Amino acid sequence: MTNATTAQKADILSQALPYIQKYNNKTVVVKYGGNAMLDDELKAAVMGDIVLLSCIGIKVVLVHGGGPEISGMLKKIGKESKFINGLRYTDEETRDVAQMVLAGKLNKDLTAQINAQGGKAVGLCGVDGGMVIVERKGGPVDYGFVGELVKVNPDPITDLLDKGYIPVITSIGMDSSGVTYNINADTMACYVASALKAETIILMTDIRGLLRDKNDETTLIPSVTISQVPPLIGQGIVAGGMIPKVECCVDTLKAGVKKAAIIDGRIVHAILIEMLSDEGIGTMIYHDKKEEA
Amino acid sequence: MTNATTAQKADILSQALPYIQKYNNKTVVVKYGGNAMLDDELKAAVMGDIVLLSCIGIKVVLVHGGGPEISGMLKKIGKESKFINGLRYTDEETRDVAQMVLAGKLNKDLTAQINAQGGKAVGLCGVDGGMVIVERKGGPVDYGFVGELVKVNPDPITDLLDKGYIPVITSIGMDSSGVTYNINADTMACYVASALKAETIILMTDIRGLLRDKNDETTLIPSVTISQVPPLIGQGIVAGGMIPKVECCVDTLKAGVKKAAIIDGRIVHAILIEMLSDEGIGTMIYHDKKEEA
Amino acid sequence: MTNATTAQKADILSQALPYIQKYNNKTVVVKYGGNAMLDDELKAAVMGDIVLLSCIGIKVVLVHGGGPEISGMLKKIGKESKFINGLRYTDEETRDVAQMVLAGKLNKDLTAQINAQGGKAVGLCGVDGGMVIVERKGGPVDYGFVGELVKVNPDPITDLLDKGYIPVITSIGMDSSGVTYNINADTMACYVASALKAETIILMTDIRGLLRDKNDETTLIPSVTISQVPPLIGQGIVAGGMIPKVECCVDTLKAGVKKAAIIDGRIVHAILIEMLSDEGIGTMIYHDKKEEA
Amino acid sequence: MTNATTAQKADILSQALPYIQKYNNKTVVVKYGGNAMLDDELKAAVMGDIVLLSCIGIKVVLVHGGGPEISGMLKKIGKESKFINGLRYTDEETRDVAQMVLAGKLNKDLTAQINAQGGKAVGLCGVDGGMVIVERKGGPVDYGFVGELVKVNPDPITDLLDKGYIPVITSIGMDSSGVTYNINADTMACYVASALKAETIILMTDIRGLLRDKNDETTLIPSVTISQVPPLIGQGIVAGGMIPKVECCVDTLKAGVKKAAIIDGRIVHAILIEMLSDEGIGTMIYHDKKEEA
Amino acid sequence: MTNATTAQKADILSQALPYIQKYNNKTVVVKYGGNAMLDDELKAAVMGDIVLLSCIGIKVVLVHGGGPEISGMLKKIGKESKFINGLRYTDEETRDVAQMVLAGKLNKDLTAQINAQGGKAVGLCGVDGGMVIVERKGGPVDYGFVGELVKVNPDPITDLLDKGYIPVITSIGMDSSGVTYNINADTMACYVASALKAETIILMTDIRGLLRDKNDETTLIPSVTISQVPPLIGQGIVAGGMIPKVECCVDTLKAGVKKAAIIDGRIVHAILIEMLSDEGIGTMIYHDKKEEA
Amino acid sequence: MTNATTAQKADILSQALPYIQKYNNKTVVVKYGGNAMLDDELKAAVMGDIVLLSCIGIKVVLVHGGGPEISGMLKKIGKESKFINGLRYTDEETRDVAQMVLAGKLNKDLTAQINAQGGKAVGLCGVDGGMVIVERKGGPVDYGFVGELVKVNPDPITDLLDKGYIPVITSIGMDSSGVTYNINADTMACYVASALKAETIILMTDIRGLLRDKNDETTLIPSVTISQVPPLIGQGIVAGGMIPKVECCVDTLKAGVKKAAIIDGRIVHAILIEMLSDEGIGTMIYHDKKEEA
């Protein structure tokens, strides 16, 4: 394919038209994380895809996580991790490290790369414009500075989209007195997509999608509807870390988003393939009564 | 290439980014005519390309001619053609037929096809909004209702571009008392591109471009600067019907347009290849001091 | 009256104030056709009236037909007409001729004349901006390329009105695949007026209005309400070609237009008399419960 | 003329088109005073004319005086008038009476009448928005609270014109410390017209215009250029109270206004006759190099 | 306190923040009258406070009365007052005097003072823009030219607020035929506040507020709810001239205004104290179910 | 002063009017750092002052540094500091720590505090929107990732100011390939103020201002002009770390800013005192030809 003629290239471009028309002027939230974030080549490709989508008239919002980088920094300062029920307890120092790594390092580096590729990005977190207000997560166990949503004000995002910027958003929120909290990045992406009434939310992961047999990628389930989710969980097909991801997608659909897709960030241009082809890539979750053909 | 994988397709899309960025929000005038207008498949492909360009943020203005169709209609009404110095004399009846065929049939059919492909086109001619004011061409010989430019008011075009429409323009003008006149379509395209201070004008023809040996397409001259044009005419390399086309391009560049391209409308997606690749297609004419890299 | 003093003229102008106030910034759709379109002097007067109305702050939309000119052109190309149940069958060639004559010749000539008189007109048809989508008329008999309304998108008209243009509209529509169709001009005017929620629709005809005795102009019925129409048809007072015209007006009123008027286009300045005097001219059709005093 | 047919009326309306086009969206300042202000019937007619002009797209600004009413009120409070060199000395009490009569009584009554006739007027004086800043008139003689122009800020007028209001302006100004001053109404009109770069200023007076023989109205001078004014003063044709009026017009023209007209307010619809006919009424003063045909 | 350090001053400014935030971009109607209008020092202070409020982002609308000045002018012209049931009968001459004093003298003087202090005020009355339409007050007794509300059109006020002006409003209205009427100034303020759906209405009076014992200012009632008003009237605590004031406030609250305050205009900066401190000054009337904390 | 009466408080508020008017709708850049950033009470007060200024119509832009916090974090990760000519060498790891601490921790915490106090802040750095483009500082010595200005694009800041946000800016920039660089915070503030053509730049430091005798605060120099700076440096009065600060102010003034002030951040409400009083606080640097009184 490296020797595709320009005529072949032009033909492929022209085939993308219906997909470009479909998303024209629509909002798409992309949750970016996993391997696609650790591999420099993949990272550059994703940032390029984001610039391309923005350039062809799609309102892209990038939400990112950064678990491995946080762990790396914690290790660097010799911070002992404490776990409760298998979940990391986020004390103040851990919160500070997460905030520094996410909002200071990763967010600004991604923003810089988009800008260097000719995009126009601004890095934000839930603190900016008082965008994501949370309170300390309640329940029998205290996990420390982990926030639970109170409300999302999408104005800072739409103000920037209106001016042509690509918002790059870190999963940090604040409570009403200005204390900052960690938020799970998938959850943050869903909050944002719901508040924006986005057309689509795309979660980039390190697996091919939902698999009937988790060891066999040929058993990929290309699409499921909301009502098919509970049986899939019952059968153990949606299991482990996929359960919160899938449930998060379902919540987002219920909040008015049209489509959610779980795609494999290890594949180059996975976002373009998902958005600009019929086949898609990974698993799409949609409403039972399909609102869009 | 029919079996290009989606991954290959995505890669090709991502390679188009720098070209899309280059033309983003810029105005491009396309003169459409010749075989690309007579062959239904080519016509559908061109209209699709126009919709694609509009969709990815380029302000496209389509100017079209229609010589063969006018001749066909004249024949149908049994109209005897009269020639002076080898040029057709445009009497009132001929003018009416030209106006009917161009503004009534071809213009509205092209507009309908763009709209059917999901574009948003409006068909205009130089009469609309008093856009192109001409007077009867002067000189020793009277060629009838053939107009010579007095002034172009680009407002109706920019008003429509601002509202997201693709203007499709027929080469008819009016004089100050409301009498309509025929205008050469290449000339019309140049008037419009100059008045709009367009980024680029693209003339679709039925040849590969400027050829050093007119019988050998491998002698294509990929680019010339304004100052190289007179010698090329002197040497007979630019000759016959190409002389007015090339001079028209030069005038347009002098009026502030950045680039002119003469491309081969017989090649599918010629416009996309010209605009979205380094190689281009056909012959580019540019300023001596290249203002853009 | 040729020797009216300037004082008398000023007095008459000042008497027009309440009527100008009544229509200020309101939309008025004028269906133009018949003798007023064939007689050059009347035509110039109508175009002048349109410019005047536009100039004093009324949003005028002109819809025109052109039956006689189509017949003339068909004759010129030696086209045999075929009739079914007394109605002309519109084969593809007839459709093409109608489209050329209407959208290419008449529409652009009217537009040119308005512009020459200092107005700012743009010629459109139902194809432009995908404005009037139709499908092939159904029913037991096939009349060829005659369209039946699917939907009207008034945006191209209002976009132009907002920018200060006078839209001049030809009765051609398109189906969803880009095929063009003929539409009856009265019907087109009613489609447009309904979609615009116009204040008034005015149909110019070649008779004085509804007459109790069709041979006696002194029996003109100056106004009828919607509920009075069926009895008038029953009594044969509304008969023949007036039935579709009147029914079309009634449909338009039911779609939210306030008033319909059938006026005599043979009278110079008939539109001004209708709009800017108490007496009006011709027959007004209005709602049973008069919403406006 | 009372029995003019509607056809004749429509004809007269249509003859007004070129004049309406000429003033469309232009600003016209009318200085209103004299008999036209004292006679109730004339007053109603002038207010109607103002509404008509506004309604047909002309930006009208009305400036009014009110000398006789001020004198009436001074008499009512038993105020003794004091004259210096034949000019009234404006002490504080006189200034207060003038302000009350002008800004409180006349201005609001005129505004109310325009609104009652369906116009949309707002009454202002030079105090509003700090519009007309003056200082106490200097010179060897002190005339009291009579203001001399420092600067005019036209924003409050254009803000209101933009929102569709007719500004009705009283000849009161203020100094920088908030003290109010009387201004001559002709002067005020000229200040305002100059600051607005109006198209035309019209001064309504109680005479037919400039007369070669002041006792013979048939000797009316229909138009003069700026350079013809000094000789006319030299010959005594422009004399007495006409001198400041004419000089004020000349200053206004020099500030960029295109035309000044001195018309006879005793004639019903004098403004309409002046603006909407070729003949005009009264005397027009224009630039030596006619900028407008 | 004259020797407060700049540090102390800065501290006080910073304490005003929550109050400034509370009223930011909200509309506040101030009824100005009584001693605060007669004492020059108090007047300058009130105008300064109005400018300050406008400057810190509050939309202030000033409504003023002027009873004593009207009486003074009536006396000056030797006008005999006629009373019916203890109320002044407003004949035409009295109406004219009121209009002149209010709209001509007081309104313009207040406007001038605000402008001289760096504000941007425009003086209006209910006649301007046809803002307050009234009819002659009905009932068994005719009080002359006293208007009863028909409708308020707040557009002229909001048009001016949008452009950054401070509207200064006089209590004069007009009927539909342009006749002007007197309106009680408190009533006018309530009309205006209701039509604007203001945040707060503040009535400046010459007493400390509602007093349990009218001779003892220490018995001030700082706040009452709507439902507490009737018992207070029943007990005679709200009595005499306070009854219409309080009822007017209640009506305004019922029309959607959040808070009404009756404050003592004799205290310097009473408006600032009321708005920018917790303690407030005078008596606040609010809804039973407090909508704002 | 704790017992200042509300009347005294109101009086002080009213005295701030002329200063509020002076800065109304003007842009003020505040460089925040030093003790005012380390002391929690002072920090809360500064954030409150920023909210207050924003609330009263001043466009505030906050630029902050964070040297001590960076040093703290470097120590925490056991990073050995390397110095060249007494200046810290910024290797990649140091750059990352600085970026994390500044853009991730301090910037978001300040933003959160402003939002918690009712302001509307968004945290940015020079990377966002490609705002501050730098290149590696040249010269004989390489200091690592320390940036030298190439250009500032103020659009992201003005876009946010236009939407009512308070931009909080960290001193990080990027080069054209997306690599991030450290920038001195004073320098960053001056870049931003110059690009915005701000009214004033205020640098908060830990000293009283320029002192004739650095050990005696009573020798404070309240103001100097640009031309007085070189002699002050010559005399050693401006010395050490004050030299770059003062030169940076001078550059900013030369770029079109009207006034620079070096104030003592240790004093509570120092910004308010500087801006809202005649006395000011610290040292003001202004143009030799005072443009503003």
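For clarity, chains are labelled A, B, C, D, E and F in written order, and residue numbers in each chain start from 1.
In this section, a contact is a pair of C-beta atoms (placed from the backbone, for glycine too) under 8 Å apart; a residue touches a chain by one contact, two chains touch by 3 or more.
Since we're looking at a predicted model, the values are computed, not measured.
S.K.: Any chains in contact with both subunit B and subunit D?
M.R.: Neighbours common to subunit B and subunit D are C.
S.K.: When every step has to jump to a touching chain, what is the lowest number of steps that links subunit D to subunit F?
M.R.: Counted as steps through touching chains, the separation is 2.
S.K.: What is the distance in Å between the mean C-alpha positions of subunit B and subunit C?
M.R.: Subunit B and subunit C have C-alpha centres separated by 35 Å.
S.K.: Counting in whole Å, what is the centre-to-centre distance of subunit A and subunit D, each centre being its mean C-alpha position?
M.R.: Result: the chain centres lie 68 Å from each other.
S.K.: Specify, in ascending order, the residues of subunit D that touch 2 or more different other chains.
M.R.: Only 117 qualify.
S.K.: Please classify the inter-chain touch graph. Allowed labels: line, ring, star, complete, other.
M.R.: Graph shape, chains as nodes and touching pairs as edges: a ring.
S.K.: Beginning at subunit A, go round the ring through subunit F first and name each chain as you reach it.
M.R.: A, F, E, D, C, B
S.K.: Within the complex, which stretch of subunit E touches subunit F?
M.R.: 1, 4-18, 20-21, 24, 45, 48-49, 51-52, 55-57, 117-118, 267-269, 272-273, 276-277, 279, 281
S.K.: List the residues on subunit E that touch subunit D in their complex, please.
M.R.: Contacts found on subunit E: 73, 76-77, 96, 99-105, 107-109, 111-113, 115-117, 120-125, 127-130, 156, 159-160, 163, 165, 172, 174, 176-180.
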